[in-house]
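Presented sequentially are two complexes of subunit A, the first with subunit B as partner and the second with subunit C.
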Partner chain A sequence: MTHVAQPLGGPLLTRGYRVLLGMAGIALLLIAWRFAAGLGAVTGLNDGYPWGIWIAFDVVTGTALACGGYAMALLVYALSRGEYHPLVRPALLTSALGYSIAGVAIAVDVGRPWFIHRIPLRPDLWNLNSALLEVALCVMAYVIVLWIELAPVFLRRWAAGGETGFTRFARAATRGLNRAMPFIIALGILLPTMHQSSLGTVMVLAGPKLHPLWQTTFLPGLFLVSCIGMGFAMVVVESSLAVLAFGRRPETPMLGRLSRAASITVALFLVFRFGDLAVRGQLGALFAAGRYSLLFWLETILFVLPALMFLRATVRRHLGALFGWSCILALAGALYRFDTYLLAFDPGPGWSYFPAAPEILITLGFVAVEVALYVAIVKRFPILGGPSARSGRVEVTA
Partner chain B sequence: MRAMRGGGADGARMTGGVERRDFLKVCTMAAAAVGLPASAGVRMARAAEKGLKPSVIWLHFQECTGCSESLLRTSHPSLARLILDLVSLDYHETLLAAAGVQAEDALHQAMDANDGKYVCVIEGAIPTREGGVFCKIADRTALEIVDEVAARAGAIVAIGSCASWGGIPSADPNPTGARGAPQVLEGRTVVTIPGCPANPYNFLGTVLQYVALGSLPALDEQGRPLFAYGRTIHEHCPRRAHFDAGRFVLEFGDEGHRQGWCLYRTGCKGPQTRANCSTQHFGEEPGAWPIGIGHPCVGCTEQRIAFRVPMHDTVPIDRPTPPDFYPPIEAGGGGATAIGAGVAGLVLGAAAGAGAMAARRLSDAERSTPAEPTRAKDGGEEP
Partner chain C sequence: MSVDRRTALRLIAAGGAAATTTGAVRGDEAPAPPPDAVGLLYDTTKCIGCKTCVVACHEANELPPETREWGDGLYDAPTKLGSRTKNIIKLYRDDQGRESYMKEQCMHCVDPSCAGACMIGALQKREFGIVTWVKDRCIACRYCQVACPFNIPKFEWDARDPRIVKCELCRHLLARGEKPACVRVCPREAVIFGKRDELLAEAKRRIDSEPGRYVPKVYGETDGGGTQVLYVSHIAFEKLGLPDLGDQAPSVRARAVQHGLYQGFVAPAALYVVLGAVVLRNRKRIGNTDEEDDA
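This part shows the complex of A and B:
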């Protein structure tokens, strides 16, 4: 490891931080209300649309945006591109936070949460043909793996200090972890490969309820490829935000090279997607009138533009442009997931869904918790590496 | 039946002039019809070719022969194929051509020849009061017969509710002290196929598995094969959607009855009755089962319901929706509300604005390095 990660330090309870905590508090109250009064009281869900933004955003989009850790692990460990190593740890942290929050979101979303403990605890009740079970188990396992991958960061701090039982434990755990880490990293690459594709499988099961422009047996593959592209984009976004919020020195050249990897992934995604449409004989649907073809083209444009822009040296040299186009790439992936899970999903006549205000506020609260935890952890633990900070600046809350 | 037994094949030809190829087909079809693997069919055929058809001894006690009648109406395999090709039915009081001493001889010869290997099928309840004098065959009581025949059997199958737990003969006040085979043969494994009549495919599935694989299917605590009795009628009822939606038949012939709504309120015992009638209809006639023809399930497979709970009384739901103090699981949300749309707009707008601001500030921060005017792209962030 050539770079040294350092805790940022600095005061925790800034004004922006209090806003985050406030949003989290509101969400917590609404979640309590949801558990007391049921889903109908706080959501726009119904029997036609049994999932809404909690699944489409918090879980499906959220875990894909949290694929930074997966994408970086693929790049650094599987493809041995060690130069990106400084980006791995912050990416892992956002992944761990994103996946943990997604797990909580599922517990809030399921209709009968009093059965949810059965997923990890009652293997005798497992339905081994269920794609959702695969997602649930994989996500649970991956959350654990992510925190183990991050554990050395916490252990190092805890191992410092006097000779107490706790510090001795931390040191022993560090030694054990170092030996096990290659296997854990391998798991950390295997598990997202499994469940990100299964998130696509789930909608294959929706059959004709999903519009033919999206419905394909290759949906798992498309979800997998697009989540890697989103992961790269989010690494750029997070790194840029760290420049703004914590006054870090920009890592623009590295991020520029990374954006090229994103371009390649997007190209692969588009080839697969259009190839699949051609194989299924659905290319004609691209030119049909109506909102579905419109949504499809919007997605495609949002995918294509950043991919093309990342090929331009001027864009790769400028953090502002890199950040903007990475946001748009992440948005493209998010729209693809929203389309697949909600907008191109038609459960039949008479059903409609739009998120209710409390539902949105709970989702916002989840995001706020995620950001708050991220800020707290990078200030207290060695996550962000590379060149040291310029003078401190207030963080942004977006 | 003796005459037909041991009709072993000399390679190409089978009993009654059936070609080997046809015979393999029969075996495979029989296996498929009852949910056994196709290889089971081949094994059955091989066993039959070697003359190893399992001997079946079928006892009748207090019953109406409805279960045998129901078995006569199967066609995959047909009864003729079953008893001539697949098994060797050595003793069956209603199908037997022989009578009197001849019939008794057939029973004892079959028992001696296949000691410990034959399948003992019991149809009908066994009277136990006053020494069991209410049912006697060849001067022996049903109790004596069942004790002797079952003791030397390889497998015991009780077909129908009477043999499984007593059935109609055991209904109150049960003057003959009628009991089912498992109660009389305590300590022995008795596969029970309750039903009034039992669905013949559940019986065939069990017997053919024993024939082909030498094993018995997984059973519940009442000896019922789980493949057929693992779920309640209610759990896989074709009218379940009407139950969930609250659309009930209130009396026979009303509007809901004509529309095929749920029969729960006319006394359907489906929620308490474990059986597969709703997926395995009778006589291979689609819809031929009580609920299919518009009558509530009477719970004929369940000892605690059939002939005890009045036919049109409702029963509690076995596994109901969650208790009332749990949060409701129904959600009746619908389209966009003004507040929801407003909040969504605010959030998206704030995100787009913050993104654009961040991009601008990043670009500003980079001013020190020579920059081309690429900032215009930042604006069109969120469509």
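This part shows the complex of A and C:
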């Protein structure tokens, strides 16, 4: 069976789509207000909690949830599992969107975004000790790499049609890209390896403000392994959603095998997590009363349950179960990141943070834009593989 | 008597020419205080809580008043450090009910987390080891706030073009050969200015000369890798809100991780070469499964 990807077609401006656009519009207005009145006017941020949900969710969690492209590239190109190839392109698209939106979120979050271009353009000012510098540079580069990896999809559509200068350019670009692609793919593996681990290193500098259950020099390793697990989980989630929303044929067996890869990653994560606590002599803190040990166990349970479930053949054969448990695994990784950046971060007495309503609405707006762009692109460009269940060319799998 | 006057004079004599920019520290070594390091020494037993230094700091740094309405009046009454307050006097009470004033401002760490955090060197340890902020470089990412173990850098949350605000040891006054404003106005010499090593010696002399009067420790000598602002106190330091950081600066660990992973970018470069080779081989083996790509 071939997996020729094709555009879904169909109308764009459905009712659901209008809701998404409405949410994006509200967020846009609030962002305008943020730039007019300052960050304090729209956020719950303060000098004790200078980073809130825009960083913890949109950037730190958002990019990890967008690691599907990274995880699949690792599997297909680094580990040579060619059979997963049909999953690569949709994963790349969600990654490109997720990372691009994270970039926009950073520009809204920093106080003086009009100086952001200095980070890539002024190497003479770089502080090479700063993990955040590494994150910033790699994320910027990775956004570009992701869109280049996807470029053939767009170029092919533009290459169709008569002999104009533009179509000739599109064809030449496609050929050139095809040749350069292995090295771009390698970059697409290297860059997330670097910045996803550095997102962990960033919080090492928070020192004693981060609770000892989370504060460790091993943060980069833990962040890296967990983002790969989240990447696998999100590929399953997105593929199942494509079945539900667009009536694609379920790729259940393939997703089932993928979920096993997720299990292995989670096992690795847990070995590192507990091993690190043991080495640092912090295992006792796991049984201390209070919200920190509670958060830790919640995290751990959310990791362990899906990993165990994916070992069961009945779960792996059932798309709904795969979807549900993958959501939980993604949630586990998200909670681990939220804990590290917010919930286990304590600047001392007298400080508290809860996101303000406009802050939450802006984050929801980002999510809406992401979904809206995804839907528009899969309807107009060949992203999703396999024939549509509606097209009549299906062999229905049980 | 006052260490600070001698040093201030010496600084004038040097004409501020000792402008040795301290470069970023590499690797996991813990830096020593720079040879020209200056700082403050605050003595809780001398402070009477008059807050003259708070007012003087405001004035010297041209900060707007921190207005607050109470009852029928409007007061300039900051209660904590903020974007309009670089210096604050607080009152603390320990378990035995003993009270102590406490002066809070930037500690001018020997190995500052804030500077280690800052991506493009807006915050850096510059001349005299003073940790200063350069507006032109700051993108207001606030990582310095996340990193500072003393919660010192403050942000202008209501500004369209926000700044990071913190004590810079009145470097503009030092440049003119004057002492920091808080030191100049203190009626009890509870806070004095001087070279760090001289202040440290003075602190130890005070502790030794009146046994029992002070906690036998100078906060900042080694805490968090050492600070250029030092404290002697009659009540436990943690009761004054000073965190127990151990002797190692958090930035030492962060640098060790960062440089351990990157090895001066040799590690990522090597990984890239390997990945490139593997992908090239595997892509051939998988076959160019993007069949339409060649159409």
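Note that in this section the second predicted complex is superposed on the first by the 386 of 398 C-alpha atoms of A that agree within 3 Å, B and C clash if a C-alpha of one lies under 4 Å from a C-alpha of the other, contacts with A are read in each partner's own complex, and residues count from 1 in each chain.
The rule is short, and it goes like this: a contact is a pair of C-beta atoms (placed from the backbone, for glycine too) under 8 Å apart; a residue touches a chain by one contact, two chains touch by 3 or more.
Being a predicted model, the structure only gives us computed values, none of them experimental.
Overlay on subunit A: subunit B and subunit C clash in the combined arrangement. Within the superposed three-chain model, A:P212 lies out of touch with both subunit B and subunit C [touch as defined at top]. Of the two partner chains, subunit B and subunit C are each touched by A:G111.
In the superposed pair of complexes, A:G38 makes contact with subunit B and with subunit C alike. When the two complexes are overlaid on their common chain A, residue A:S80 makes contact with subunit C while staying clear of subunit B.
By the touch criterion defined above, A:P7 lies against neither subunit B nor subunit C after alignment on the C-alpha atoms of chain A.
In the overlay built on the shared chain, the residue A:G16 is in contact with neither subunit B nor subunit C.
Counting the residues of subunit A touched by each of subunit B and subunit C gives the higher count for C. Counting contacts as defined above, subunit A residues 35-40, 45-47, 111-112 meet subunit B in one complex and subunit C in the other. Across the complex, subunit C meets subunit A through its residues 24-26, 80-83, 113, 115-121, 137-143, 145-147, 149, 151, 153-162, 241, 243, 245, 250-251, 253-259, 261-262, 268, 271-272, 275-276, 278-280, 282-283, 285-295.
Against subunit A, the residues of subunit B that register as touching in their complex are 322, 326-337, 339-344, 347, 350-351, 354-366, 369, 371-372, 374-375, 377-378, 381-383. Taken in their complex, subunit A has these residues touching subunit C: 2-5, 35-41, 45-48, 50-51, 76-78, 80, 82, 85, 109-113, 115-116, 118-119, 122, 125-134, 136, 152, 156, 174, 178, 181-183, 185-187, 189-190, 193-194, 197-198, 201-209, 217, 219-220, 345, 347-348, 350-351, 382. Across the complex, subunit A meets subunit B through its residues 34-40, 43-47, 49, 111-112, 114, 240-241, 243-244, 250, 252, 298, 302, 309, 314-315, 317-321, 323-325, 327-328, 331, 352-357, 359-361, 364, 396-398.
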